[in-house]
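Note that the chains are named A, B, C, D, E, F, G, H, I, J, K and L in the order they appear, and that numbering of residues resets to 1 at the start of each chain.
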């Protein structure tokens, strides 16, 4: 059974409680429940992790090598500023899928550049909760195709 | 039964025949077959269109209003240069999902900017054929959620 | 009797059907009718052409040399991306007036640059249907002054 | 009877006396006469003002609120440098039409950006004296349409 | 008793009469009254000056040397375009506090750069009328600390 | 009694011990004492927090919602690099005042841009310790005005 | 006998009829005749194609694979704007030589960048008709060297 | 006897009283005296004018046509921001020499660009009072050579 | 005996386990051993610290003042993004040597700028493990020269 | 008999000895032999010069005026950095053809700009040795056409 | 008697022989004669040097220290590209005056930046031969004032 | 015994005689003596070369191939402007170490970019004389490791 690590970056613990106009009304718990539902359907095991700390996210990505078959990450605000997370993803040699709930390309200019994108397998953005579910499907497909 | 229009932009008719190192060995026919398979699974009807002509793609997008519930488009090289396709998408008022087979963010600088992204619902890139399949799922989800 | 060619670029066939908040509720037919009204008042003959295709617009501009006394063009989305239309205008040696219905300078950054402006006689933008009518007046004035 | 304020910015008092290759041989008095002619034809009352001083132009624009139905302004060199005139136009809540005699887009790079354009209703440039006449027509049309 | 010069730049005489959504409903007179109230509380004497003219503002700043202990200035639109006011502030050798009623950093890009900021002691922006009152407090504190 | 959270960002614990030419000789304890003095004068309760960790600052801002009436933050070096803190401020829906002791606009180019400014209510910079005191006054004023 | 495809991009059908100061007085027919003369001398077969349509040019390039040994293309205005033609050239895997009649580097800034150059074998520009003849020689040499 | 107009821009009336480290200790009166001394030596008549107002400087330049043989101008802070003064110089058709007392190229970045330079005959900067004296010599030489 | 603090930034704990093509096969332990060997040879005492957390690295740098004679730091990905670490280095007043194992100037554009370089004494990059050993030598030399 | 000067810039003496993957295996002597072969075929006399020194190349270009009918130059690395060679070419009034063996547009960004191109008649790049031979043909054609 | 070194940079030996429309018809010998005439009038000794070689110019500037009281240099094309000449001027500690015959600010963009200007005492450009004569006067004045 | 070539670029012959605040008081002879001391300690043979001429430095680098095991170069001002020296280093296939005495990253913006860095093995800057000594150590280490 494949193992997938889901990483939620900074401020995603506030989902459903903050700017619901931009991010929708679903809470992080509801998202995680939906993720687990799809995981069951796809017969994979998911581990879910959230942190506001760049260092803690790096620790977790490093840790994924050998333990997980793929990573699905929403790097939040660190998407646009963290070379260190990028380096961790590049080093981890675990296929990584980058997801965003909102359509980052219709927001502020500084959200258009992602340090993570060039080292991820692919990106999915703009579909709300569904970005996570599609990201999980994409990750599973990558893992199974490579076998 | 929902109706989805799939648009393949310029040079995608060459898939499987060209630069297979970048785009994989699947031909456009094989992709379309896979798309039709998922469509059946999701119980939606898909129409598929390919053209190398910017004007023909605009004609088709304009035509989609009222006839299709959503559009899934891979605008190919026009992604980065066509304000006219962007305007057509914005005007069509049909929810549109942008897909790319390759990870455009690990390619040349000029492929990082998309005129389509800010007016699409969301983007999916980097998953090969699967970008289309995930894009179709995303489109169907959007249509059904809005009902 | 002077002859003026009116060219409507991509997506202008959707006027009145799309984003009426930006472009108003008049359809292209209503605009053309208003244009013909002013033409009659000014005693000139107008020919009207619309296309979504860059190549077809270039064909038409090339064709204008010797057949028309002036061109009034709303290049739509091609305004900001088409060196080829610019070259056609420069080559045609028919005085050309550029018009836009919306105020392009209060919209997205990429709409502020026009490839056509430096080779046109002048520009008119922001007055809705009236941009066409003023453009026609300007064109007629140029033609009559040069005689 | 509608009242329109015509504002000529810096150096326009030199028209016909300076660089006639760029601006033509008409003097400011001749332009004003032509403007008054059209005003009579359109049954509106025009007041004409010229100043080389940014502050005096701002004073006059502020003063227009409630006294004039529209403003037609050729901001001359202040077009490209004056945030303060822009703020005055935005604050005045009198519809404003920006005009230029020369085609600013075929001149130096720094003349391509206008601080006034985004807060004006529309722009007309490149038609010599006729830019003023078309601008007056545009202004009258706006005022009458809004009634 | 310390003497403070308050300078209001262009268009600030329109406060309360213009764009009240951005600047609030207080008029310049009401602001000046509030400023005088705080001045009394802080036991300082204030002189208040408003002008739309860059030259007049420079004259007044030059004049401040030796007559005032500090200047509080809201340079309005000249903030972003006037090297000459900057030079006057730098030359005056009177400590100067820059204030803005609106949060200039959440407005247009061109309002983010201030020629005055690098030669002022400090800046306060975004607090409406209170920007002036805090600016006056800051100025008084600077003057008294230096004694 | 209103509750205000004061956040000191990275390296501010070194105040008075480091580069006293730039930041003055007051230690963080002395600043906090002065802040508490003003708080008493204004009849508000202040909580003070310092951290060198971006994640810890985000945790604290998230935590402020519902517990504090306003935040006064000096984000230190994170001002110019942290989208994640910006997102936390935007999400917290607690009015936030940004303060800096030094005049950031007379320092290095990269200190001129603040990710926080556009989502804060206002900014105060350049007044040394007094930046905090004015910031606290501004925060209290905002809270009381909104009631 | 080697087969070479010659592609003339937009507006080149106007040669000799337009801006003869920039492009010379030779018509496209005269150029084609000269090209056929050199082809005979070099013992190769040439096919000549002109179109104003980006899509039609892409169709023709795709079609060249397997049918022609090399392509000589003057992409005209599409040189500077067409990612789609670039992608077609890259996909066609037929060696391609880019030619321009005028010296593009002594013209407007936007003509200095070519999307085609990085995927062509080489470029020749500035020699009028001779650019085509030298381009044909270069293409033949490449084909024969590779055998 | 040739007539030369000397124009001192904004803040130059403060010379010798302000930032003497940058501009030296000579007052404007002393400079003017030195200028008059050289004028006598060169047998020309000089008129000297100083203003802090952009509009007043433009008025004076316009007025110079036909009355003066040359202009020597130190545009001060308006050097870097005034298109309107540039237009006045270009329109005046009186040869104009631009002078600066300080070496503007070893000062802030924004002082490196001059709107006046491209329309002046030449520039002299960095020689303190002597910049004026050399500028006067240059102007006289130009006038006499042209006769 | 001099004391030197060696700081390894984010992801350096993965050395020898990740991208060995770029960083070589030596593990962090092996590097530390080599560093200790040189330390012994140079008769200095080294303390070694690694963290993925920006805040923890700042804490450690602050702590170095008075306890260590010099710092040798490889800031990893934080090199290019951390103003806060730069401020800590500038504040610490302990001479700091910046080292990189790979040649950052032959890698991605965003790795060419270092926030740390301007406040470090010097930089060494591109020599693999030897970058650390040379950095330690440089640090010791600085300390001993200053005595 | 026409005389053509061939100039090889810096490092071209290393051809065939260096980076043969980029520049091919032909040595400069072999290139010169091929050049002489074509010269004989075209009945022109060639003089060949190589130098690593910018000054020596300028001396030689200056010297060409009146002695040679045309120059073929491969400016090597000076292409992208030498205004002085550009000025020499512009001053020499001998028609000059710029050649490059590699396709400079598929190499580093800084190789895309040439100071020489705007003052040369035309450019040829990407055809290896053949770039020189085509360049010689182009030069001869220019000389003969002008007679 | 003061000693002044005059340095003419690359291509200035071609004066009067090249582009006389830009640089006038005077030859370098005639300029040098005029320079010697003024030198005599001013009672200084001048040494004149011309070279096309950057290295030779640097050698000569280094050599000037202690032997000459000032340098007048026209760095020609090296003005815009030579950090090495700048460093030589900065190191020489001999006051240096930069002169240009043409008005570099009305020429190509790349001629607007001078590496020499920030380390020279001042600049004079646009006055033809007279630029040298004014430059010599400026240099003598600087030397005599400093005594 | 390994052979190392030490190259000193332009103006380094002035060391100890010029700007000693920036570069220290050691003369080039003293540096060379120190270099020879370390060479003896490391049992390698060093050859030392200085020139102000770009061409001469290129000649010497070309010459190094096959004669030296490594090069240590301080390219001085040519660091930031010479593509030709970069090409020579790349072609020489002798491992090259770039050194700078001053910390180039705390100096002017234009000194932050090095054309040499991407083709050198590594860089060392900021340690005064010691930069050379560390550079020699680095070079020897590279040579010995590769054996």
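By our rule, a residue touches a chain if its C-beta (ideal position, glycine included) is under 8 Å from a C-beta of that chain, and two chains touch if they have at least 3 such contacts.
Keep in mind it's a predicted model, so treat the numbers as computed, not measured.
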item	value
Contacts common to subunit B and subunit D (chain labels)	C
Listed chain pair H-K, E-H or K-L that repeats interface A-B [over half of contact pairs the same by residue number]	H-K
Fitted rotation between subunit I and its twin subunit J in degrees, CA, nearest 5	120
Copies subunit H and subunit K touch via same or different residues, half shared test	same
Centroid distance [mean C-alpha coordinates] between subunit J and subunit F, Å	63
Averaged-CA centre spacing for the pair subunit L and subunit H, given as whole angstrom	48
Rounded Å distance, subunit H centre to subunit I centre (Cα mean)	54
Residues of subunit G engaged with two or more neighbouring chains	53-56, 81
Pairs of chains satisfying the touch condition	A-B, A-F, A-I, B-C, B-G, C-D, C-G, D-E, D-H, E-F, E-H, F-I, G-J, H-K, I-L, J-K, J-L, K-L
Contacting residues of subunit L [partner subunit K, same complex]	9-11, 13-14, 17-19, 51-56, 76-81, 110-111
In the complex with subunit C, residue positions of subunit B that touch it	53-56, 58-59, 62, 65, 81-88, 90-93, 115
Of subunit G, residues touching subunit J in the complex	103, 105-106, 112-114, 117-127, 130-131, 134, 137-138, 141-142
